[in-house]
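In what comes next, chain A is part of two complexes: it sits with chain B in the first one and with chain C in the second one.
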Partner chain A sequence: MTTPIVKGAAYVLVHTPDMVMHYGTTCSAEHDANPNSEFLKKVPSHLRNYEEAVKYAPNQVYIGNMLPDELNNIPKPWYKNLIADAKVEGKMGAMVPQDEFYIAMKLCDAFDLVMLEKDFTDSTKAKMSKIPYYTEDEFAKVKEGFDAADIEKKVAEGAEPLHFNGNLVGCVKAAHASDKNLTAHIMVENIVSKASGVIALKNLIHVNNIPADSIEYVIECSEEACGDMNQRGGGNFAKAIAEVAGAVSATGSDTRGFCAAPTHALINAAALVKSGVYKNVAIVAGGATAKLGMNGRDHVNKDLPILEDCLGAFAILISEDDGVSPVLRTDIVGRHTVGTGSAPQAVMESLITKPLDRSGLKITDIDKYSVEMQNPEITEPAGAGDVPLANYKMIAALGAKRGDIDRTYMATFIKEHGMPGFAPTQGHIPSGVPFVGAAREMIMDGKINRAMIVGKGSLFLGRMTNLFDGVSIVMEKNPGKVEEIGAVSKEEIKGMVAETMKEFAAFLLNGK
Partner chain B sequence: MDLENQKRVLELSEKFGKENVVVVLGASEAETAGLAAETVAAGDPTYAGPLAGVSLGLAVYHIFELKEEVDADVYDEQCGMMEMVLDVDAIGAEVKTIRDQYSKF
Partner chain C sequence: MLQDKKVIIIGDRDGIPGPAIEECVKTAGADVVFASTECFV
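Up next, the complex of A and B:
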């Protein structure tokens, strides 16, 4: 039986300032209730341009150009202390501007629902020609655009607009005349999720030089649902994403669990590889338009830029043991069960200490904990505090209560075993998985030996249960391939038993 | 405070009477605890939910303020860890300020 390893990871941020106004729930709900509100008037002047988003240190961490701990060396506020030599290309992914993303949406548009203006299409396609993860064939599929008047007409009829720098450059039409689950708004959300997932999977393939056809299974773990009036969440984003990313040998399925879904997907993928069902399993998720500018009201009130201006996406490949990449310990898995209850202590025990106890490990044996890695600069102005820090405090307090660490060591523990939050508040995106790529790099560079990936989810938001959810898994240094010297197969044992029986029978018959 | 929770508080106070309802908070920050206390005592300050403009005047406490009222083992199991993590004094002071100002029961 093989050991599952993390073969590669990719992280993508799509800068979508125009979508904040129209598709983020905070702005769109305000627009419906109070279209002339002071808040809405102030939003445009608080939106960052692409360059500012690229140079924002937490974004550079997300796409892999800096390690999370390096944020400790950058003075706050980070939005005022930009990284001068920041790059669009990341060691583990990329930043994508809004105009190029609209072309990616068109590339993902299987039912001719996305209309883009002619000149916009031509000029954007031309500027994208050097992006290494797109092919000429793909650009050829994005046909000539539409006249601006046609797009305006469709928007007047109910299509959802696509703006760039405040100008209408396209729209997304409804996929059905009356089906509430195929409205233009839902199609925007789903095509955005699919397209950003595709860019993440393409980056995973490109950055890690993975043959696309080696991926056998894709688990998609975003928070959107695709389906029609008869099956609202029928699916399946996974196969749709695999198709566009060129993973021709793959099938797949969607896993849901709010913010915990990516870690569920990571464990499921590891299990599929461990069991030998598939050799290469990709987990992937695109971003959510609804969460753009979610805390924008507080950011505007406190005169900050609207920092939730990027869609987040990621893709991770879990493969058979290569003797080098960090392994996923399927025997050290934590889970919040139905019976766990909702007390914070019980939650942390189920996710952190119970799996460690089963393996004889202490809290300090995990070098880095990846929890809910939201960027605190986004959440603190909204009164939600520093979420990763709150998690690290809880882990430290749990350690102190159990006697694993001394109370006086708690602050040091938090600094050494934690890290600053850096992920966009895109629901499922910040939970556990943003650190998988950095953990892989740090483990392979010998900086750490072991990391725990913790995913938590607020299931009660779906109104089906009051329960909370969470799972965790440990990643650690690959011990190297061990030759199975002296190991014998079942068939060999059968042969040996048969031979002995034969000899014994001969002894009985011949008396010797 | 979450709009759904505001609705629940309103319904419970109508069903059992405002004088018979005590709201126990579990918020992790003084500011959020204060906002939730204000919502159930004076009305929703954000004017977004069912308690906008509805001054229930309910008695409201943070669970940290009720430590002496709870079985010690249960409290330790449910709140012991968070007591080590959060700013207990600041949360308690914030909720008490709101309670003294707006609670009628």
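Up next, the complex of A and C:
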């Protein structure tokens, strides 16, 4: 039986300022209730341009150009202290501007629902020709665009608009005349999720030089639902994403669990590889338009830029042991069960200490905990506090209560075993998985030996249960011994020699 | 302090969840008229 390893990870941010106004629930709900509100009037002047978003330190961390701890060296507010030499290309992914993303949406448009304006299509396609993870064949599939008048007509008839720098450059049509699950709005949400997931999977393949056809299974773990009126949420985003990313040997399925879904997917992928069902399993998720500008009202009130202007996406490849990449310890898995309850101590015990106890490890044996990694600069102005820090305080308190650490060591523990939050508030995106790529790098560079990835999900938002959910798994330095499947063990060799000796003795005694 | 007082509870997923607060205030004699946990991220 092989050991599952983290072969590679990719992280993508798509800067979509025009979508904040139209598709983010905070702005769209305000527009429905009070279309002339002061807040809506102020939003455009609080949106960042692409360059500002690229130079924003937490975004550079997310795409892999900086380690999370490096944020400790950058004075706050981070939105005022931009990284001068920031790059669009990340060591583990990329930043993507909105115009290029609309072309990516068109590439993902299997039913001709996305209409883009002619000149916009031509100029943006030309600009994208040097992006290494797209092929000429793909661009050839993006047909000639439409006249602006045709797009305006479709929007007047109910299609959802696509703006760039405030100008209408396209739209997304409904996929059915009357089906409430195939409305133009739902199709935008789903095509956006698919397209950003595709860019993440393409980056995973490109950055890590992975043959696309080596991926055998894809687990998609976003928070969207695709299906028609007879099967809302039927899926399968995974296979749709694999198709566009060129993973021709893959099938796949969708895993849901609110923000905890990516860590569920990580554990499921590790189990599929460990069991030998598949050799290479990718987990992937695109972003959510609904959460764009979610805390925008507070950002505007406090005269901050609207920091939730990017869609987040990621992809991670779990493969058979290569003797080098960090392993996923499927024997150190935490889970919040139905019977765990909601008391914070019980929650943290189920996710953190119970799995460690089963393996004889202390809280301090995990070098870095990846919890809810939301960027605090987004959440603090809205009164939601520093979410990663709140989680680290609970882990430290649990450690002090158990005697793993001294109470006076708690602040140091939080600094050493935690890290600043850096991920966009895109629901499933910030939960546990944003650190998998950085953890891989830090483990392989010898900076840490172990990291715990913790995913938590607010199931109660679906109004099916009041329960919370969470799972965790440990990543660890590869011991460097590849266990060969089918290799003969020492004991088996001894048995074979003994059997041969016995047969030879019988031959000598009986002469046959 | 909370004896016979009507209480509305909004818990935080990453802080103290609603049901946990509910159990605490009940022991102080409060009448919980609404309790939920919200996710602020």
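Methods note: the second predicted complex is superposed on the first by the 481 of 512 C-alpha atoms of A that agree within 3 Å, B and C clash if a C-alpha of one lies under 4 Å from a C-alpha of the other, contacts with A are read in each partner's own complex, and residues count from 1 in each chain.
Note that a contact is a pair of C-beta atoms (placed from the backbone, for glycine too) under 8 Å apart; a residue touches a chain by one contact, two chains touch by 3 or more.
Being a predicted model, the structure only gives us computed values, none of them experimental.
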Contacts of A:430 with chain B and chain C, given as first, second, both or neither: second
First (chain B), second (chain C), both or neither touched by A:390: both
Which superposed partner A:379 touches (first chain B, second chain C, both, neither): second
Touched partner set for A:400, first chain B, second chain C, both or neither: first
Touching partner for A:343 - first (chain B), second (chain C), both, neither: both
Of chain B and chain C, the chain that contacts the larger number of chain A residues: C
Chain B versus chain C as contact partner of A:456, first or second or both or neither: second
Partner chain in contact with A:335 - chain B first, chain C second, else both or neither: neither
Where chain A meets both chain C and chain B, residue numbers: 343-344, 383-385, 390
In the complex, chain A residues that touch chain C: 259, 341-344, 347, 372, 374, 379, 382-385, 387, 390-391, 425, 427, 430, 456, 458, 460-461, 466, 468
Complex contacts: residues of chain A adjacent to chain B: 343-346, 348, 383-385, 390, 393-394, 397-398, 400-401, 407
Interfacial residue positions of chain C with respect to chain A in the complex: 12-20, 23, 36-37, 39-41
Residues of chain B defined as touching chain A within the complex: 28-29, 31-32, 35, 77-82, 84-85
